[in-house]
Amino acid sequence: MREVLEGSQAVARTVARCRPGVVCAYPISPQTHIVEALSVMARTGELRDCEYVNVESEFSAMSVSIGASAAGSRAYTATASQGLLYMAEAVYNAAGMGLPIVMTVANRAVGAPINIWNDHSDAMAMRDSGWLQLYAADNQEAADLHVIAFAAAEELGIPAMVCMDGFVLTHATDVLELATQEQIDGFLPPYSPTQVLDIDRPTTIGTMAGPESFTETKYLQHLRFLDAADVVEAWSDRFTEAFGREAGGLAVRYDPDTLDRDRSAPPAGAEDLVVVAMGSVIGTLQEAIAPMRAEGLPVRLVGISAYRPFPREALKAALGESRHIVVIDRALELGSGGVLTGCVGRALAGTGSRIHSVVAGLGGRPILEGSLRDVIARALAGEQRGLEFLDLKTGGVPVPPVGATEVAR
Amino acid sequence: MTQIRIHGRGGQGVVTAAEMLARAGFLAGHEVQAIPSFGSERTGAPVVAYCRFADVPLRTREPVLEPDVVLVQDPTLLGPAQPFAGVRPGGLVIVNTTEDAPWVREHAGDGEVDATVVTVPATRISLDTVGLPKPSAAMLGAYAGRADHVTLAAVQQVFRDRFPGRVGEANATAAAVAYAHVRGEPDPRIVPSAEVSHA
Amino acid sequence: MSGHDAPPTLGLSTGPATSLSYHTGTWRTERPVYVDLAPPCSLACPSGEDIRSWLGSTQEGEAGFETAWRRIVAANPLPAVMGRICYHPCQAACNRGEVDEEVGINAVERFLGDTALERGWALPVPTASSGRRVLVVGSGPAGLSAAYHLRQRGHDVTVREAAAEPGGMMRYGIPAYRLPRTVLAAEIRRIEATGVRIECGVRVDSLDDAQAEFDAVVLTVGAGVAHHVDIPAGAAAKIVDAIDVLRDVASGNAPLLGRRVAVYGGGNTAMDAARTARRLGASDAVVVYRRTREQMPAHPTELEDAVGEGVRVQWLSTISEVSGPTVTIERMELDESGRPVGTGVFEELDADTVMLAVGQEADLSLLSGVDDVDVRDGVIAVDPGTLMTGRDGVFAAGDASPGSRTATFAIGRGARAAAAVDAWLASRVLPAEPVVREAEASRLNAWYYSDAPKQHRAELEAARRVTGFEEVLAGLDAEHAVFEARRCMSCGSCFECDNCFGMCPDDAIRKLGPGMRYEIDYDYCKGCGICAAECPCGAIDMIPEER
Amino acid sequence: MSTVHIPFLQTGTLAVGGRLLDDAERSVQSQADRPSSLTRGHRACQGCAEALAARWVMDTAVEAADGRLVVANATGCLEVFSTLYPESAWKPPWIHSLFANAAAVATGIASSLHAQGRDDVRVLAQGGDGGTVDIGLAAVSGMFERNDDVLYVCYDNQGYMNTGVQRSSATPPSARTATTPAVGRQPGAPQGTGKSMVKIAMAHEIPYVASATVADLRDLEAKVRTAMSIHGARYLHVLVPCPLGWGSSSSESISLSRAAVQSGIFPVVEARAGELTDVQRIRERMDVEAYLRPQARFAHLFKPGGEDALNRWRALAEANIRRYDLLGGRP
């Protein structure tokens, strides 16, 4: 059933239908609507056989999730920004212990200066934590990704973050079709943990590993991560078969002309400039590129859905013969460039590709279609330099007028 | 595609208005999108929200820069919030005020803009009907009264769905009153005795 | 290793109790070792009783009483007697005295002795006979002990006693209020029941004849003859020997002493004499002693009891003259070496009778003309190890031989003589007594012993006890005897309190079950020493690990 | 006190057991077949009281829970010495996550078990003073405040011993640590009373709070049993001497605990719903010197210039004795 829903509501309802055993909540904008919605469902009984725990910090949110997951429950929490960094230690720990927790990250900038608006700095800071990171292009995908995330995480024994742009998606209302309870029950296998704190088969979880064994435990984690790409892709494919719509996947292809998502779209050609991007900016890029294609400009769009594991092969396949890339990045590697650009660069090492890095939308700066078209056009014309900050204002830090809204900024 | 921008203050239900408008648009057969633009959640702070109606699924996430319709839920925002900024030629501006259109143009930052300016005492209507200064329903009713993007029935429906019972009904009434007001029709709450006698 | 087929738990999780494969015992520099040390009570017991062990059995209550009693009679066949008259040096040595009060060992012994008499428990009767005949001369504690132990070894034993009844000083020297005659008689009868023949009223006059009749002879003739001092005395002076008075009382011929009695001497006999005088009607009984309280040979409890019954003591005093009812006393003082010397200061004391209790001597008439048996310092000289006199096959023990003149010492020496005779008869060398380590108080961890005062035997009202010869001290009942036994700290010997087992941080001690104690698992013991430190009774040594 | 009263059997209640005890009177630790939840082969230092206390606590909890116990452990000595891969000295299901989050992990376990309908399985969390009083305080406080069904046990050795003996907020005044050296005008840890986790726990008004030491097994076992009979958040604070960090002999871990209690330095108490309900009286009063002198970390108190600090200790003991009536009215 298509319905009009706020992104956070869509995610909350989908998560509830994945039947988590324990949900941990600690408020931080912009993820609050998700856990608020879940708290209502926990009270109304829509979320059954589930403990909803109001913890005292994000660190404890992840820690409670760790305990719950280790005790045999499907565990879920959500956070953003400073909250994600505050729980960082536990984030790494959950991954190291192979606990398939699913967490929504409502992507938000990391201070200082404190800023509640969207960019990808928070999740990027956790890129090596050992979690899957699945990015939603829109609210439909944000909801659907949670189903895939639970399935893939639990098969792999690797926790998963579903990243959705804060406010831009979490607070936006769209026309969506949610997976129903029956559909999810038919799709998502019951949680059967590979290790559990079981009184009948006691085990010790979380030992100390010395120099003689630590490298190998990390190597195994690495191997599992290499397998993760196949597993994420497989569950995404299964999702498409089951629900009749695409979600997740690794590197996402778009029809060259309609710019609609299409896994059967051909790879880019040698003449094409390919725009690689992640998250909600893809929607804006779809609208920005369509008229350029109509004008006959050789521009293609490739989305990154699975940032972790990074889909090196899938990305190269989607790029085809193209050796000219513009990466729209929502996080900055200080002194270097876009974070995603670095990953794309490493994936394409040795291919002789030209890669432009465009850092856009930091701290909630709106990304405008016109600005994107402009930077693409300049790249096509060979006028674009290696690193560019989209819509950068010169002359220092602008001071907004008193009482101004975003419109006036 | 129709793009709507709503100005208001924290606590006036600006974000709710955008979402309700999107829902009403969906009921009216559109693909819809509502995007709030948030600051920290502080009562009284200026807030903007956007809404889009289209015939194909909406993909873009950029804010509405050139609105077809602007709803100003608080007349004190006319100056600093620049509600007329970017309004498309021939656009529609609906302002919640007890004053008239010339007064609005006089106090808006860009009074010469090519747009139809409509005023509606939405706060007074909501106080009369809902009992609270929550002008959203009245503003959307006014919008339905001056454009065919949404219908009064759809606006009333979404408020009844969101707030089942008395509150929903009160909001539906507010929408109807504002609808009538901007169309110069009699207040629907006042049933003319003649109509009764003719019924 | 391949992909996610390897469990995500590899390197992170492991099975329970897998640490058993890691042997932490290699960390040890000292190792704990369980030891059994000699407790001070036993070391102090002249009878050689294994007090800790019989207290241990008593702790178990009813089920342990007989075992406890049998552990006593393994050394001392007269528990009911000794439970009354022993001056219990064991208690003076008891480490519990440093915690609260010493354990009332003597009272528990009496309880067990009385219980045995009540229930008619018999001493073991030897099954095999050696065919050797041994004569014991005298039936005091040394003689009875020697006879009993010889009989236990299978020998044919005859005791010859010059007096009308057996018991020696126990019968004739100790007043009945301290030792009821029925108790003594019962315990002697029990010895007889093992096959010991006791012939009373038979004086042994000739050692040669005795040796002709018997394979070995043990002389335990005691010291029943009063020692005399020269005191100038007028014709009217009534001076008697205390030991004679006690014997007469014991024989049923109580003498008349008068209202005021002076007792001269500071030993237990003096105390008995003074208390007996009070019972015979003396309103005023004064003990005259030339030294101080600290130097007095009488046991402090005897003195306390006497004082409690109204006996007075005149310290640092000698009797220099007795004339009629007046006794002249010279005040003494101690010189630098602690010896009393006269001060030349005199005073007078009224006394109808003066009782001399200045020591006793052995009646060694048997040895007159026997020149191969030495008599030195008034007692029979013996080899200190074998107790054999200068004559082959003739042994001596008790008050007639060197050493402390106490019943408990006599019992111990009697037993020793029996062992020596047994070895001599078999032409064996009597092994030396083993060297033992004492469980000193410093080894104990007294914290663990609850505060529990000694169960004082209900003492008869002091006023009541002077009116007759009723027994002064009542015995413990079973409950109190068990309680008192449980006050034993089991110095130097594990009593299975579980402290080591429970307090080992390394879980390296195994409990083997009741009576089996514990075993240290040296594969895991790190040698921290907590077990030894927290062992209440000091039964664990830490010894350096030598690898 | 909640201690089981043991009739006088040579040692009464003070020793671990005794061959004359009835089964019903036996401590868990005196049973030949006790759980030994923390078993042989762990790598704790010689004389480690934390290892001892952990076995005592957990064995009692395992018995009270009829074997259905799950344990969450904070980072620290206890975790490191017991679980160096591939060896584990634990028998119950046990998890270690992080330094600061044992309480939260335990909450997660309890929540999961509740969601699974397994309220019969009990949850115990444990950590050292660093993981409890310092870095883990927020998680512990959160667990208390929500009244989660967890028994949290803090083994307080008064410092960061695992990292080489640094000061924690449980380190007592004057104590020498690697970060409060015994030099300067005020040698050792700064003066002050430090942080009382027992009082902090009581302020949360949780159902049960108690302190205990390894000097009184019976008391400790009784408290664990009491705690296990209650649902909701419970806190047990156990003083555990550390031979390494305290500079004491490995054999003195019990006797130092005893001295801490008998001198009045460490009050052994029980509280319910924020109200103090019981206090263990001093049995044989000791001077603070009996506690301080065997510890090298306090050696400077017994050198010239140490008198003031020593007197502060006496004052601290006096204050405790007054506040908790540790002498029970005796002079």
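We call the chains A, B, C and D, going by the order they appear; numbering starts again at 1 in every chain.
The working rule: contacts are C-beta pairs under 8 Å (C-beta built on N, C-alpha and C of every residue); 3 or more make two chains touch, one makes a residue touch a chain.
Quick caveat: nothing in here was measured; it's all calculated off a predicted structure.
Think of the whole protein's Cα atoms as having one middle point; the chain whose own Cα middle lies nearest to it is D. Among the other chains, C has the CA centre that is most remote from the centre of chain B. Of the two chain pairs examined here, C-D and A-C, the one linked by more C-beta pairs in contact is C-D.
Centroids of chain C and chain D (each the mean of its C-alpha atoms) stand 49 Å apart.
Averaging C-alpha coordinates per chain places the centre of chain B 65 Å away from that of chain D. Look at where the CA atoms of chain B average out and do the same for chain C: the two points lie 112 Å apart. Centres computed as Cα averages put chain A at a distance of 91 Å from chain C. Shared contact sites, meaning residues of chain A that touch two or more other chains, fall at 97, 202-207, 209, 213. Touching two or more other chains at once are residues 83, 85-88, 90-94 of chain D.
Across the assembly, chain C contributes residues 11-12, 14-16, 18 that each touch 2 or more other chains.
Contact between chains, per the stated criterion, is found for A-B, A-C, A-D, C-D. On chain A, the positions that touch chain D within their shared complex are 21-22, 24, 49-51, 53-57, 59-60, 63-73, 75, 89-90, 93, 97, 197-199, 202-210, 213. Contact residues on chain C toward chain A in their complex (touch as defined above): 1-4, 6-16, 18. Contacts from chain D toward chain C in the complex involve residues 8-20, 27, 29-30, 32, 36, 38-44, 46-49, 51-52, 55, 82-83, 85-94, 214, 217, 243, 249-255, 258, 284.
The touching residues of chain A, when paired with chain B in their complex, are 3-4, 6, 29-30, 116-117, 138, 165, 167-169, 171-175, 259, 280-281, 283-284, 286-288, 366-369, 401-408.
By the touch criterion stated above, chain C contacts chain D in their complex at residues 11-12, 14-24, 27, 59-60, 447-450, 452, 483, 486-490, 495-499, 501-508, 510-515, 521, 523-524, 526-530, 532-534, 536, 542.
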